[in-house]
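Input: structures, listed below.
In the two complexes that follow, subunit A is the common piece, with subunit B as its partner first and subunit C second.
Let's look at the complex of A and B:
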């Protein structure tokens, strides 16, 4: 399935909607979206993963990049991630560095 | 960085863009738009970089290093535009095959980089390898972007440590562990609350460097069950975590998973010490596989006989040439890497006496490697702990070259305590030294009691419960007719060899376990307990379970219920140590009153107060610590009186008078059933008769004067 990362800015939130499979070939697209989001200095970065089917280590690298790029004051929310993606976050321990939630409301 | 104009390809090989690399650092390092590959070989005549797509059987490309890319004995090259997530790499080295002078080059072999920071090929524990694959242990690239936030090593003072020696897979592989990913780094994270409840503040992980569980694997000739290189004391790659220990190993995220574990342990106040095995490698002797060192520069990396055979001080086929400067630097690079990239708090060196031998095997009076590690700036706050003996007969407990830094596994502590606990006569003099941090071994050379890692059990040998359940080892399951494993166990079966339903025997075994743990926690020095001893773990009398991937090694968490009294005792005796600073200090006792408290720091007693019976037939000893001497007199603590009776009958101990205005309170009495065997801090009941205490057979009583 083709990957897409769509950035939406709402007030002080930056929202990225992820779809498809996030692997080494699609990771740069996600990275671009994170960089664009960071340029606007949002207070929160919300990553919607409801429609993300798979995340390889390259995807995890971008999450780590996002955490460090955004800086300490910016909360990163991972919303609605499913079985295998959630599993990857938990096994690698990254779920402790971000807010993992089923849904997001302002 | 991507747009630097001074860093562009100058060469081309089959479409791969190349440039002259940097000799340092060795290994594969990510650089702007490319990867810098650098490898040492003194005797190779040519070197080829072999690149694979991940998991591929055949190489994607083989790039010979142009001779102009060699500087001295280092081949270095940058390859541009590689997909770092999807690459595995190795080398071919050409050179002479002349075993009689130590050279074993074979360019048909693809070799693992000794500096590889992640290694594929054994991605999921226990998955049978494809032995036809030409590249078994495959170097991978790692990103060093882990989000440590504000984490750093904890730097807990040595004397305040309580070490828990554990095996990553064994800790949670048993179905009773109830974790999501049994046997992995991630699973340990789930069990941190247990470690905190127990009260330990340091875990010492048995080998977590990449090893091959299939090395010398074979079916047990009797049962047919597979026997593995399970413990992992046989390293394939010194810079890479064991991929099969990571739940994410199949996704190549083992580095992140281990770092996450370390970060989480640190957040919970628990340090991480790695058990490192720099004495030999997985390549064995001349009959073993060629994985890495043998094919890169055999003569440099291994200790060889004049005829070119492998010296075997490790008992494992070969011996790394640790005081050759090349190998010495590799050890240093490796430890610096783990300290800086993984925030490791300390290292325990397996068979460390080997690290003090020269390239011909002769023990050095001033071994450069040990000195280098002791004075290294990056390792400046790391704990350095030696297993101060080797399989070649060098036994340096008490005399290991310490340079003010090195601590040791105190094998004499283990032996003397075990002999005393099973009731041997003539042990009290030695045991008194052990209880004080072994000043007889360390004080003369200016080493404090923290040089002594006190332990009664470790991964080698019986568990604590088995020490009181077996007279002899029962290693038949290892498939070597019970010949393997040590015979000097100093154990006692309490009247029945092995498992029994007899409640009296079970009660006695538990009592002895509690007594042993209490003595350990009351001793000056650094206590170390073996995983599971706190809940009466058994290995069915096997004292050498190095090859068992089953219940013999896996911790059975149901013991937490079966032996809930042991667990209660264990956590409370650790809490007792933590609550009483007088037990923990980096200086030896003075046997004098240097702070003017009116009482010496430590005094010795017996069944009569102030009259210790040191005679050869005595099995009763008591000592008293004056709380005003805690931490050199800088902290005030209670007075502590400890009476040990290893005789087979109860003995009445006359008590020294408690300090003015204070009364003796009972903290521990291991002859009593739970919960009267130990009282929580602050809940100790006052002793009825303040002048005498009855100490049951084979037990210990601890009183607090307050």
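Let's look at the complex of A and C:
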């Protein structure tokens, strides 16, 4: 399935909606969205992953990039992540550095 | 399944994963095991494309083949890129995986995900060809893949 990363800025939150399959060929689109989000200096980065069907380590690398680019003060939230994509986050220990939640409300 | 040939470009990752899904269909391999096999093939193919060919200034193809042997599904990736034995590469340690993201190294993660999940992994170099071979056992209690 085609990948898309859609950025929405709401107040001090930057929200990115991820859909489809995130691999090494689609990761640059996610990276662009993170860079655009970082340029606005948000307080939180909210990643909606409920429609993300596949994630390779190329996706994890963008999470590292996001954390390092935005700094420790910016909380990264991963919302609606499930099944094998959640498993990948947990196996690589990333769930300790981001907030993993089923839903998000301000 | 008939082997298929794809150009060594990142655009081939999606069709390579689809090939694995098609090869698993009807074999009885679970949906979860099929995803793991797709992830492994994706990670190794990414390495072949980016390092085996790309960084070495080489271009070429990746040939993928799927076969069912007794109780397992075997996927073979064949390429003519630089020799690259992933089984000899150093993996991130448990301590590395405990580290917060701001202290993480970028490399090695894909291979780490790969090695942990596959039932058998084998690498061979014959002449100018690399063979990366992955096997997943089809367990009797597995629900057939309904991809």
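The rule is short, and it goes like this: the second predicted complex is superposed on the first by the 106 of 106 C-alpha atoms of A that agree within 3 Å, B and C clash if a C-alpha of one lies under 4 Å from a C-alpha of the other, contacts with A are read in each partner's own complex, and residues count from 1 in each chain.
Just so we're on the same page, a contact is a pair of C-beta atoms (placed from the backbone, for glycine too) under 8 Å apart; a residue touches a chain by one contact, two chains touch by 3 or more.
Bear in mind that the values here come from a model prediction, so they are computed numbers and not experimental data.
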Item to complete: Return first, second, both or neither, reflecting whether A:90 touches subunit B, subunit C, both chains, or no partner chain.
Response: first
- prompt: A:60 contacts which: subunit B (first), subunit C (second), both, neither?
  reply: both
Between subunit B and subunit C, more residues of subunit A are touched by C
- Task: Please indicate which partner A:69 is in contact with in the superposed arrangement: first for subunit B, second for subunit C, both, or neither.
- Result: neither
Quick one: is A:21 in contact with subunit B, with subunit C, with both, or with neither? Answer first, second, both or neither. second
Footprint intersection on subunit A (subunit B / subunit C) at 24, 56-58, 60-61, 64, 67-68, 72, 88, 91-94, 96-97
So, in the complex, the side of subunit A touching subunit C is made of residues 21, 23-25, 54, 56-58, 60-61, 63-64, 67-68, 72, 83-84, 88, 91-94, 96-98
Subunit B partner, complex, touching residues on subunit A are 24, 27, 56-58, 60-61, 64-65, 67-68, 72, 88, 90-94, 96-97
As the complex stands, subunit C meets subunit A at residues 10-11, 13-14, 17, 32, 35-36, 38-39, 42-43, 46, 49-50, 97-102, 104, 106, 109-110, 112-113, 116
As the complex stands, subunit B meets subunit A at residues 83, 85-86, 143, 145-147, 149, 180-181, 184, 186, 189, 246-248, 251-253, 256-257, 259-261, 263-264
